[in-house]
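Same chain, two partners: chain A is paired with chain B first, then with chain C.
Up next, the complex of A and B:
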């Protein structure tokens, strides 16, 4: 760390768009003396502080937990959703991975079902509607049996967990050439259909979620695999196969 | 109604406090009538919740959909409450500032959730969880509430498993548990290092199911800016649509605040960037008492600050302390790399000072011990603000694979942030603000001093007393949301209806919100809201942080009003009110943090004892441990807002079951 403590100078090309109706454009900013230990969002914070003092509109971007779990942040950095670091959200990306004097392009998620709200902020409410369609197990509070009444095989519990780690950031959609939400939808279907508790609603869930995904205007899956490559949580591609099997099973 | 109280003005321990200028040496508050909880039933503690549930009036099912409840916040408490109220048939409106209810900061909780299931047969019980929580809270929580929390804990696990929360399991198919944060029984259920995420997604999915069913109307990207109080009752909220900037009014029969804690008053904390105090502070301004604002929890295992640009701190699960050993060099100013410091020149200070608990002492104790060794000049890393958490022994004992299985994701997170490999060199950790035990005062029904205003989760002053045990925040949030509030709010609603909402009260709240926004936009000064927030945070950390003294608190109380005044004269907020304007959002939150910070310091100054997370340097025993003063401070400080300064109402705490004793972990 310390040997690189000298600040970096960078050129940012950032997508600015004043609202859904605005056409939008790339705007170039110089940022100087960027510490390699800064996170990517901290680098933008510093730029925004400057823009505010200059009376300019700061770059709007979504973020919240800044520890890679809430799923709120997301930018396409140099053409890659969340940047080139593997299994990393934008907030967990640090400037030590960039070269001095680099030119960095920063764009929002681009997909028709994710309209731009402002600058790098997009509307991902389509994901909530996919969950509404069936991404749950119906259990009114207080009606549950003792937790040990149904044992679950460890391998199933672990595989369910792997799928359940999805943070709903939408990078999978942004990376997909078809703008497909298959990985997101499949992650939830896989999580719940691997567990005994998820069986009673398994068919109706798969059917309703897939149909909602299509109704939102997301594209189909052509097994490109870009989604899993950019996924900060490494949700495996075979969840999509499971989704398709469950959907077929339900459609019989 | 109130007599002047000179306590804070009486004891001057330092010659540096001259009493010149401002309110230093003066009187910061007045004392009003005592307050008490009137809702907890009498009788044996194990029967009280049953009794309360039975005595609570029921709402006719046919009437429920005519009753409108607003829930602000969608974390574990708010999400589970909104979902459950929707299931019960109430007409619910829910708000969150994020773009989806799934993103509330409960999602970041790593370690686990406690429950008195005694699945291990290791001597756990509801009574033991109750006992540990009262003791861990340093005897500053209400026994009735804590007992209920321990009772309900077992239902939470059942509920979560039925929802499909993928808790860790053993090969036999049953749930795995671990011991956590100093507990001597294995009662913590977990889902790798993402327990909060999995529990929150369970609540979120239940909430989305109700949204689809039409019982809950969800407003994302909306921020509550004021509470509507009509005829003495909470009847709605004023919110800002953060996309359009529109100011909206929403009316209801009852309002539930589940808006989390206020750790971001310190600017740097483990909270999400958006976490703020505005909802509870506005409710406080409208008449809700604020309980124990000075009780903040400093978490011992966070990644140290790396520079001035730092925007937040990241916590490393305290489960790491199960296998990691904490140490610093014996010699002050030893700058050799860890690997070059021989065993005999390392001080495993927690193991040395607390042989019985070692590295597993409760959070407040571990944090202060770290501060002490750093104050002695023995800290490691940049600025000497860090201690080592070393896994070399664990790797030797268990093998790298086993360590990776247990902590792999945490090690990875550490490396991502610091660029250092914890498998080959010890982690550096330092304490950071993590949780606030204080919050709006509530009775046993979780109702504040404003009738119809209920407060749940971290937002209330709740069940943790002066110090929260690890893995108990998730437990409390879900206990409140799934099980307690849905019962107690029914009693309030069944006693209605409460009539028309006074239009003047609504208009007044709306005008107040608009004029604050206009004012922030019109200052047009030379410093950003963030730069003021940073300065306020630094001041709070230095003067009202891990260790507080009369002198430091008086300094803070001199400096905060000055800084606040400067803020209102010199802040620069760009953009307009009627658009997505993140600079404006931040400025509004910072303005409320100033007011809260002042109340925190007054509370910390008035409580001259040490207890839990509140350490007053003047009150320690011969070994430097926190010394409580039960004779004078066995009460909850419930603060009423007053234009002339806050008014203190004391709720006396009685301990019928757990005998008060000085905590000792030696």
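Up next, the complex of A and C:
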């Protein structure tokens, strides 16, 4: 057997909460021999395997594709949503970005509209309700139209696609000092309001989605830019300007 | 926030320009002060135009504070449980973190400033002095702490506008990806000019250039 490089030793401080009603607390774990090539979630998998063998409850966290495109994973690592690596989801964050013997604090997204389900899992249904309020276009169902039947300017198509890359992970809310969901809502509004198919419902969409966002209890935007700085997809801040523009137009 | 802020910024530009009259001597400064009271004559009776400006500014300040308080309250409700790890700011910019406490400092300063130079209540030259006498008395070297408070407050105004100016365009939906750079540069430039303009007069009184 070939000699393997010695792994990293880490101290984790993890938020543990048995259920929505539980008060919750930080629990310290020691994880040894962590490969720098592991993803952050794989490192937690290793810890969870050990916890299960020891008869403990494994740490609950959301994950699905582990390719950075589904939007399920997300935790606040050392005070930064998805960790300090720029434009990276938690599942795509690798342990080589951490120092050996590092102390890592892991917390769930903190926002009243995102109640903790268990440990690091939060309920993001509030985002679904914002989408239901207007994040769609009403079209007659039937066979798919030809892709080139409605021409779209290249710049608009590109900007709409950029906004459409939002995976709805909720990091923007977690990072915002106001707990605002403006970047998420603005990405969805921008995506549709830049395309010809989104025009008929442009005003009613902006109004309904912004009002739903406020009704869910998210905070207001004060243009701090924290959201776009942590966004794994780099959704730009000008989507929020577009949302404000559409909302003001709809309120006239 | 954006609309009321814009009104207050326009006022600051006028106020700063007016202050510089102090460099043209006591007569120029006092004449300007009495012009403010008779502004609009003979179309409007004395002090009517000034009263309108005062009411607009007062309402703007109250609505600006109301917006700030409701935003802060909503923010508190949206995050009832705080992060255990110190939240690191990922976005660039220092000014944005001074907005709330800076606003409180500015409010306290405005109250003192009115009692000092408008009503003369806490001014050595008092209500009877001319505006120029009140100015010179207020920033006299032995009252260095008044000048210090003034400097801190003006720097806070500068930081407030550094974030507030471009932020207003963003809130009103007038900003776009390409305009962020020019908007932020303009915000920094206007803030710097206002801070320098406001600081020259008390500093000049302090070192005896204006006496």
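Quick notes
We take it that the second predicted complex is superposed on the first by the 241 of 252 C-alpha atoms of A that agree within 3 Å, B and C clash if a C-alpha of one lies under 4 Å from a C-alpha of the other, contacts with A are read in each partner's own complex, and residues count from 1 in each chain.
By definition in this document, a contact is a pair of C-beta atoms (placed from the backbone, for glycine too) under 8 Å apart; a residue touches a chain by one contact, two chains touch by 3 or more.
Not measured: the values here are computed from a predicted model.
Legend: residue contacts after superposition of the two complexes on their common chain; A:177 is shown touching chain C, with no touch to chain B. In the superposed pair of complexes, A:82 makes contact with neither chain B nor chain C. Taking chain A as the reference, the larger set of touched residues comes from B, when chain B and chain C are compared.
Within the superposed three-chain model, A:202 lies out of touch with both chain B and chain C [touch as defined at top]. In the superposed model, A:133 lies in contact with chain B only, and not with chain C. After overlaying the two complexes on the shared chain, residue contacts for A:62 are found with chain B alone; chain C is out of touch. By the touch criterion defined above, A:245 reaches chain C but does not reach chain B.
By the touch criterion stated above, chain B contacts chain A in their complex at residues 80, 83-84, 87, 98-105, 107-108, 117, 119, 155, 157-164, 166-175, 191-192, 194, 197-198, 201, 204-206, 208-209, 211-212, 218, 220, 243, 272-274, 306-307, 309-312, 314-315, 413, 416-420, 482-483, 486, 526-528, 530-531, 572-575, 579-580, 582-583. Taken together, the chain A residues at the contact with chain C in this complex read 13, 15, 26, 76, 78-80, 84, 105, 107, 110-113, 175, 177-180, 217-226, 228-230, 236-238, 240-248. Those residues of chain C that touch chain A in the complex are listed here as 70-71, 74-75, 77-93, 96, 99, 163, 166-167, 169-177, 180. The touching residues of chain A, counted against chain B in their complex, run 1, 19, 35, 37-39, 41-43, 45-46, 48-49, 51-53, 55-58, 60, 62-72, 88, 92, 94, 96, 117-118, 121, 123-125, 127-128, 131-133, 135-148, 150-154, 157-158, 160-161, 164-165, 167-168, 191-192, 195, 197-198.
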